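You will see chain A twice below: alongside chain B first, and alongside chain C after that.
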Partner chain A sequence: MSLLHDRRAQLLLGLLALMALVPLAAGDYLLSILITVLIQAYLGMSWNVMMGFAGQFSLGHALYVGLGAYAGGALFVHYGTPPWIGAIAGMAVSVLAGTVIGTLGFRFKVMGVYFALLTIAFAEFTRVLFDHWGWVGASSGLFLPPAANASADNLWLLRGSATMFYYVALGMTVAAFWFSRALLMRRIGYYWQAIREDQDAADALGIDVFRTKMIAVLISAAMTSLGGVFLAFFNNNLYPESIFSMHRSIELILGTIIGGIGTLFGPILGAVVLTALGEGLTILGAHIGIDGVKQIAYGICLMLILILKPGGLWPWLRSRLGLAGGTR
Partner chain B sequence: MNSALLTVDNLGKSFRGLRAVNQVGFEVPRGDIVALIGPNGAGKTTTFNLIAGALPPSDGRVILDGHDITGLGQAAICRAGIGRTFQIVKPFAGLSVEENVMVGALRHDNGDVDKARKAANDILHLLELGDKATHPAQTLTLPDRKRLEVARALATRPKLLLLDEVMAGLRPVECDRMVAILTGLNKETGLTILLIEHVMRAVMALSDHVVVLHHGEKIAEGTPAQVTSHPKVLECYLGEDHE
Partner chain C sequence: MDATFFMNVISAGLLTGLVYGLMALGLSVIFGVMRVVNFAHGDMMVVAMYAAFLLYTKLGISPVPALPLVAGLLFVMGYLLQRLLINRFLGATEHIQFLLLLSLAIIITNIVLMVFGPDARNIQLDASFESYSLGPLILDKVRVIAAFTAGGVAMLLWAFFRYTTTGTAIRACADNPVGARVVGLDVEKLYAVTFGIGAACVGAAGCLLLLLVDVHPHLSSDYTLLGFIIVILGGLGSLGGALLGGILVGLSEALSGVLISPSLKSMFSFGLLILVLLLRPQGILGKKP
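Our next item is the complex of A and B:
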C-alpha cells in the first residue's frame, strides 16, 4: 500500500517539477494554453467536491465563477482593491448564494436533475441581474485597467506577465488537488461519499445529511469563485453573458466527466485531454479548411470517450499504470 | 420502574386510508433478543421504520432507554442508540467493504479515520468479512451484503440493533453462522436485538421473546414455544380449518 502510494507521489512530484520548469522553455502561446488547462483543472476540481464527492449535481457553477470574477474585478476597478482581498468578498457572496440554493434544494428535497435545474435557474437570473447593473458595467462589460508597467509582475495586484499568471494558476491547481485529497481522507469525505452512494443509508447511520451536503456546496462555491477572480484578472474583461453562461457551466464540468467524476486526478487529466483535443483539432481543421470540422470531430471524440470509458479516463489509465487507488 | 430498553406504546401508522400499523405495543428488555414475526404484509417493516425514524408515526410513542424518541429523524435516532439494517440492502456500492463500515464508525472518536478503520476491521472479522475488506461493496454476494448491513449498523455502537430479515436468502449453514454470530454478540457485549424474521429456524434459535403481528395488529406474544402453539398465530399462518 505505502509503496504504491509512494509511486503515485513520485509521479506527481515529477509532473509538478516539469510543470514548474515549463515557463523557461515555453513561448507565450503555449503558456496561455497551459494556463487554460490549469484553470480548467482547478474549476473542475472545485465542482468535483460537490458532484464527485457528495453526489450533488450542479449545472450552474458559472454562477460562482461570475460572482467571484465580478467581486474581484469590480472592487479592483472602483477602489483598487487587491484581487486577494476581493476574492474574500467573492467567496463570501458565493457562499451566500450556495446557502440559498442548498437550503432550497435540500430542505425541499429537490434532487438529481431537478436540483441541477435549480442551479441553472440561479445562474441565469444572476446573469440577467448583472446585465442590468450599471455599477459593474451592465451588458457592455467591465474592463480591468492594464498594468502601468507591463514588464513588472505584481503578484499582490495580479498585474503582469503570462509567466506570473502561469505560476499562480499552477499554485491554485496544486492547492486544490491537495485540499481535495485532504477532504477525501477525512470524516467529511467519507460522509460525502456515503451520501452520494445512498443517502437513506447514510441518514440511518446517524449522518446529518443536510449539513454534510451543505458543506460540500459551500466549499465548492468558494473554491469556484476564487477561479472566477483569476479569470477576471487574466482576461481583463467581464461580460455577464459569457461569465455566467450555461456554456461555461458545461465547459467547467466536461473535463471532470471525461477525466473521471469523483477521482482526485480526473479533473486534471480531463482538462489536459480536452484542451489538447481542442487545440489539435483546431490546427487540423485549419489544414483541412472546412468550416465546422473541428466542432464535429470534437463532439465525436467526446462521445467516443464517454461510450468507451463511462467512468472517465483516469480510473482506466490508473489501472494501466499499475496504480492501485482503491475506489478513487 | 421497568428495565425495558425499548418501549413501543400504542404505535400506529396510516397511509392515507390504509391502517398499516394499529395500536402495537411491546417491550424489548435490556440484553434480550426479541423477534417480530407475522405473515407478509403484517406491518413488521413499517413498525421497524416507525421505531427507526424512517417514517413518522401517526400515533403512539417510542421510548428508548427512558427517552422519548417518537418522531425524531433517522439520523437522530441512530445517534440516540438504534442501529438498523435494511430489508432491501443498501450498501455504499462504490466504496470498499471496509469503508462502508468506517462510515458507521466515524461518529465516534471525534471522526478519527485510523481508529474508525481499525474498528471497522474488528467488526468485519467478527462477521467473517475480514478477507473482503478491500473489495468494492458492489462485488459482494447477497449473503455478504446482508452481513455488511449488520457490520455497518454495529459500527455505530448501538444500544439496540434492529435487524430486518438478515437471514432471508441465506442457506441453512449461513443462517446458522449468522445466528451464532448474533448470539455471541448478545452474550459477550449484552447487545439488545430486535429482529424481523421469516426464517423460523433462526427465530427459534435466537429469540428470548416473540411478538406476532397480523394485519398491523399484535395478535400474540410470548416465548417462541408459546407463540408457535398459540391458536391465533396458527390461524393466521395456516388458516382457520387446520387440524
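Our next item is the complex of A and C:
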C-alpha cells in the first residue's frame, strides 16, 4: 500500500507536521508539557514491545530508566562523556540487567504475576543499591552541571533550551514508533504475538520461545534506558528514590494500558490523555485548594476508563474514526 | 555485640514477623481463592491503622480491644469492594486487574492523605514502655501482645476454613469454581466474603502494627510490596506459608538492620524474594501448580 494513500499514514504525517511546528508558537509551559507527553509515549512504547507484543508483564521498567539515566549522567558528571556515548553504556548495562532477569525468569519458568513481581524486586533491589553507592551520589543525588552558555543549544552534549529537548523527544518518539512498527511487521513480531496468545502453541510450532522472549526483553530494556538518558539530561538531577521507584514503573505503563496495549498508537494516545488529565486536574485542584483531590479524581478517571473501555482507548477511537482495524 | 544482644534482635524480629504474617495472610487468602492480586493491600493496611488510631485518640479504645471493630470495618469494606467493583474484573487479564486495584489504591491513599494529612502519627500506651524479661531476653510488652494476638487471629482463620460450612464452601470455590456453582454454591457471595476476610486480616494486622510503628499515608506501597514478598516466600495461597514468610521477613529486617544498616533492610527482603522465586517459585510451603 502506498504510504500517501493510506488514511492512517496521512493522519500520522499531518500530526507529525503539526508537532514539528509547535515550538514556533508554544510557550515554555506548553513545551514542557509536550516534552512530558513525548517522553511518556516513548517509554510506553518501549514497555509495549515487551508486554504488548510479547506478553511479558514487567512492573520494574524503572530499573532500565534508572540504569540509563545513571550511566549517561554519571559518565557526563565524572568524565564529561557526551550523552550519546553514555547512552551506549546505559543500553549495554540495561541489556545486561535484562539478560539476567530474562534468563532467570524464563529459564526458571517464573510467569505472569510472579514474573512481574520478580521485575519489581530487581528494580527495588537496585534502587537500594544506588542509594548506597557513593560514586553516583548515593541517596543525596547526582546533579548534572548546567551549560556554561544557557542560550546555545549543544545537541552533542544535550545542553540547551526546551525547544532542543522538544525536538530530541519528538525524534525519539517518532523513531520508536517507526521501530515498533517495523518489529511488528517482521517475523519476530509475529512470533511475539504467537507467544503472547498461546506460548505452548507457539512452542509446538517450533518457535524458540526462550530466545524470542529474550529478544523482546533486551530491545525493550535498551529502548527504555535511552529514555532514561534523556530524562537525566532534561531534569539535570537524579535520585535513586525517584528514578528507580515503583511509581515510575507504574507511570510508565499506565499510558500504554489506557491507550491500548499491543497497539502502535495506543502508547501515544494514552500519554496524551493521561498528561492532559493530570494537568487539567492540577489546575482544577488549585481552584478547589484541597490536597489530594487531584489524585482521587485521577484514580476515579482511571477506573472509569477501565470499566468502560477495558481494551484501551485507541482500539475504540480507531473504529470511531473509521480507520483500518486489525491488530494495530 | 554478644549472643544475648542477638537473641534479643532475633526474638523482636520473630514477633514483628508474626504481625507481618497476619497482614500477608489476607493477601494470600484473596489470591488463593480468586486469583486476584490485591495491589491495594497496603492501602487497606493504612486505612486500618488510621481507624485504630482514631479509636484510640477519640474514644480511648486501645488497639487490641479495638481489633474486632477495625477488622469488622475492613470486612465490610472488602465485601463491598468485591461485590461492586472487583467481581466484574475476575476474568480480566492480569494487567487490567493490576490497573484496577492500582487506581483503587491511588483513591484510598489520597482520601487518607486528605483526612489525616501527611504527618506520621503514633500512639503511646502505658504498656509501650514495659517489657518482660525471660532469662537474658528482654521482650517489649506490646510486641509480645501484638505477636500473640496475630497468632491467635491466624488460628481462628485456620479453624474457620477447616471447620465451618462457609469456610469449606470457600475452599470448594478455590479448588473448582465451576464445580462449586454446579453444586449450588453462591460463588459471587462467597467471593465477597473471602475478600472481606482478607481485608479483615489486614484490619487486625493494622491494629497490631500500630502498637509497633508510626503510621503515615505513604506507608501503603511499602506494605503492599512487603505483603507480596511474604506471600511469595511462603507460597501464595498457603496460610502457614504466609506466617512463615512473615517471620522470615521480620527476622531478615531485624538482623540486616543491626548487622549492616537499617536503610539496607529492604534490599535483603528483595534479595530473599528473588532467591525464592528462582529456586522454589511456588514458595517454601506452596504446592506445585
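Keep in mind that, in the parts below, the second predicted complex is superposed on the first by the 323 of 328 C-alpha atoms of A that agree within 3 Å, B and C clash if a C-alpha of one lies under 4 Å from a C-alpha of the other, contacts with A are read in each partner's own complex, and residues count from 1 in each chain.
We take it that a residue touches a chain if its C-beta (ideal position, glycine included) is under 8 Å from a C-beta of that chain, and two chains touch if they have at least 3 such contacts.
Since this is a predicted model, take the numbers as computed values, not measurements.
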item: Which of chain B and chain C A:G171 touches, first, second, both or neither; value: neither
item: Touching partner for A:G299 - first (chain B), second (chain C), both, neither; value: second
item: Partner chain in contact with A:G14 - chain B first, chain C second, else both or neither; value: neither
item: Which superposed partner A:I250 touches (first chain B, second chain C, both, neither); value: second
item: Contacts of A:V128 with chain B and chain C, given as first, second, both or neither; value: second
item: Chain C versus chain B, contacts on chain A by residue; value: C
item: Touching partner for A:P145 - first (chain B), second (chain C), both, neither; value: neither
item: Complex interface listing, chain C residues touching chain A; value: 37, 85, 88-89, 92, 94-96, 98-100, 102-107, 109-111, 113-114, 117, 221, 225, 228-229, 232, 261, 263-264, 266-267, 270-271, 273-274, 277-279, 281
item: Of chain A, residues touching chain C in the complex; value: 51, 57, 59, 104, 108-110, 112-114, 116-118, 120-122, 124-125, 128-129, 131-132, 139, 246-247, 250, 253-254, 257, 261, 290-293, 295-296, 298-300, 302-303, 306-307, 310
item: Complex interface listing, chain A residues touching chain B; value: 185-187, 190-191, 193-194, 196-198, 200-209, 262, 326-327
item: Interface residues, chain B side, partner chain A - complex; value: 52, 54, 73-75, 78-79, 84, 86, 90-96, 99, 102-104, 106-107, 111, 113, 116, 134, 136, 152-153, 155-156
